[in-house]
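See below for the structure under consideration.
Chain nomenclature is as follows: A, B and C, assigned in order of appearance, with residue numbering initiated at 1 for each chain independently.
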Amino acid sequence: MATDAMTTDAAALARQWMDADAPASPESYLQAGRRRFLRNRVGLAALGVLGLLVVTAVAAPVLTTYDPNVGVPADRLLPIGADGHLVGTDEQGRDMLTRLFYGGRLSLIAGLTPVLIATVIGTFLGSIAGYLGGWVAAIVMRTMDMFYAFPAVLLAIAISASLGPGLVNVIISMTIIYIAPIARVAEAATRKIVTAEFIEAARLTGAGTPRIIATQVLANIFSPIFVYASGLVGLSIVIAASLSFLGLGVKPPDAEWGFMLNSLRGTIYVNPWVAALPGLFIFATSISFNMLADALRDALDVKD
Amino acid sequence: MATIIGRRVAMAIPTLFGVSILIWLLLSILPGDPLAFLLPQDATPADREQLSADLGLDRPLVVRYVSWVGDVMTGDFGYSPFRRRDVSELIATAWTNTAILAGVSAVFGLTIGVAAGTLAGVYRGSLIDRAVTGLAIVGLSVPSFWIGILLLILFSAQWGLLPAGGIGSLEDGYLDYAKHLVMPVIAGSLITIAITARVTRASIVETYQLEFVDLLRAKGLREYQVLLHVSKNAMSPVLTTAGLQIGYLLGGSVLIETIFSWPGLGQLVFNAISARDLLVVQATTLVIAVTFVLLNLAVDILQIAFDPRQKAAG
Amino acid sequence: MAVTAVPERTARQQPRPSVGSVASSAPAPLLQVEGLKTQFPTRGGWLTAVNEVSFELAPGTVLGVLGESGSGKSAMLRTILGLQPKSARISGEVILEGRDLIAMSARERAAMRGSSVSMVFQDPMTALDPVFSVEQQLVETIRRHHPMSGEEARGRALELLHLVQIPSPERRLKAYPYELSGGMRQRIVIAMALVSNPTLLLADEPTTALDVTVQARVLDLFHELKGREGMSIIFVTHDLSVAAEIADEIAVMYAGRIVEQGSVEELVRSPQHPYTRGLLEANVRPGQADRPEAIRGAPPNLANLPPGCSFAPRCDLVEDACWSALPEPVHVSASHFARCRLVTASESN
């Protein structure tokens, strides 16, 4: 019964089974994340929509020949599908598509910038509080807690109102409201790793606190902060548009989606669907960022 | 249990002071000239100093803060030269109107959110779960003021079914009053529905994975009995969110009330911003923030009542 | 081999009733498990947690199921009760008192649970609902199976607490789980399992999570329950000495399969499977019970089982043939078998 052929077979089976468990070459955390992201069709579609919105905003002067700020009074309030104006004109006879393209510039800037700045400041405050603990953490984090006593939108409105209208002031006020939540995430993430061996090892090599935070801590709290901040962008786009809608953002005649929505509000009895278009763009941008954030969270495997 | 509630209440007091300091600082020391709009174009520097002294703006910051808090605690929010009324009077009417709108929106939004989230959590992975999860992300992303405008286009401009704005009067009957509420409530509570549904679903799903659920089933309990146990255990994060939601509704009221001309705190703030009537902005923000802190305190106390483990911690 | 290392306790075990599984003269079995297979979907394919398990259990007997963590012993208990996750794939038969638990509707099965068959879980800290009182949790169980007034059910709940030897039961009834010790909680879980005098009690490592002194007392409680008329117990454990103390018969599970089964004496005196021998060796060294040191390597990946004997990669006595074909059960006596191709050979030596 025992033959050479059988022995070889068995050995091959054994080897085959033993090998099957170990992947050929272990992929890194980020490689695995990218592979998972590229498999997520919803995330890719969201990325595609955002890419399109960015391109139309940046390349607006190439894509259209109309002036975004000067209209033809005779062509006021043309409906969707009018001759020469694909999606109609606004109350001053300006081409809507042109203004939607140009409007994307300020809307995207106003939504993204506060998240970026707040991420830098919040990460700084949170990682220092989390690393040092003690009274530093107490002061920083209790101050941050104060911001939780406000509905965020209201606080942004109040700060913006006291600073006066203007895009920069909108960005400042929104930055202020995002710092606290990001600092919380950064502090929690830092506290989790501060006792880890590699931090201990860095300390033993004589590295000072700023150096350890810059090299060891930041690298290890990046994922949760990145995922949290990317989840904020969708909301931020809506809040920025809200502030503009209330007249706190851009000044006329600049195009910005939230502000356009407000100025077209009076025309809904005359030219309803054109009036709704800027909102559609805000919504498309916001939902794309939210879906992208969900996809990133799944890909990087961060628990809420 | 009484002691732990007492402790929570005591903990809210420094928060309230912090809130008042923050608001006061924001609107007192930030750039922007509070006098610019109060003075006539041709005002002289002497006029300016006179007005500054009249308003007490020449005193040191700390003194100004203390006197402001003192006034506020006695219900004196100052006088609005723009509206020619006491600020407290303006706020009292507006607060009631906002409380009605936010209250109805909260009940509507939380009920639908909890129901949808529970369904999705119980039937995890099913078609209904995917529908709820998908719609929740839509609700989370959609600007409330845009939904408000879409509703106005459809129900007011196109079909003429609902009044375009304003608050109904009870003298015209409950139906008329309710008709005025429909659109603001729907537009305002979409985000509440979305967030509540997400949180409820996540909490239900997580609770179903706990081991005691296996024991409930091993005891032979019917699925609806298991769901009762799961719901009570899953309630804590939902309650916490509910408190925060009411805050979003209060904050979002600025947009909704502006679109639907609802005479509440939101509209009051909006008009005050346009007129740069900072005293009203300050007072309204403070009232909303205090309402928010107190509501979250109420939620905290409710949590204690529902969770026997927290009762003991006191 | 260190087969001489028989745990001391077995020596003073009382004579057992004859074990029903293989003996021909046995009465009709209470429970008959036939070809039971439980699989879970994973990224790496179907994970086979319980693999073609078959055994019988006579009324009033205790079957100890012995195995490492991940050997499929808990998954088997849950499958018997129908508590596997929805995504799981089940095949085979579980016939309790003539009715197939796998084939019956979810509704019928729910009605059987807690009445004919009930279960005691491993960790009493997580098994009870933290936001309901002991009374609420006991009373709902009683009234589910025996329609009666709340007051009557409360009386019955008190009786049950007496039965599981909880001191001052009136006070404990009002308590919430977090107010009770681990041992106390486990007694309450046991009380819930006894609500309808089940004919079959499934115990999933009921003493593992408890302090050593408490373990002994809960084990004593199981000894007393064992004497109750008609109740059979499947007692899952990774601790051979516990199994030897409580059980009439022991089944050793490895990678989802029963690799050896026999009466306690047979299994402890003359273990046949190299894995069982390893477990016995490990057991003489304290603190090594969960991951027997005497057996090298780790349990196999259940989503990718070797084509032959699952134990081959860790076996010191492995031969080429072990890799290619699954060994059939080899009986060394009417009530004792092992799934190892070396068994007859090692007996004849």
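The criterion applied here is as follows: a contact is a pair of C-beta atoms (placed from the backbone, for glycine too) under 8 Å apart; a residue touches a chain by one contact, two chains touch by 3 or more.
What you are looking at is a predicted structure, and each value in this text was computed from that prediction instead of being measured.
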| In terms of C-beta pairs in contact, which of B-C and A-B ranks higher? | A-B
| task | With centres defined as the mean of C-alpha atoms, identify the chain lying farthest from chain B. | result | C
| Cα-centroid distance, chain A relative to chain C, in whole angstrom | 52
| note | Distance in whole angstrom between the CA centres of chain B and chain C is 54
| message | Rounded to a whole Å, what is the gap between the Cα centroids of chain A and chain B? | response | 24
| List of chain C residues in touch with chain B within their complex | 78, 81, 83, 110-115, 118-119, 121, 123, 126-133, 140-141, 144-145, 176, 178-179, 189, 192-193, 195
| message | Show me the residue ranges of chain B that touch chain A in the complex, using the header's touch definition. | response | 15-16, 18-19, 22-23, 26-27, 30-32, 137-138, 140-143, 145-146, 149-150, 152-153, 156-158, 202, 247-248, 250-252, 254-255, 258-259, 269-270, 272-274, 276, 278, 281-282, 285, 288-289, 292-293
| Partner chain B, residues of chain A touching it in the complex | 145-147, 149-155, 157-159, 161-164, 234-235, 238, 241-242, 245-248, 258, 261, 265, 268-269, 272-273, 275-276, 278-280, 282-283, 286-287, 289-291, 294, 304
| query | Which bits of chain B are touching chain C when the two form their complex? | reply | 210-212, 214-223, 225, 229, 232-233, 306-309, 312
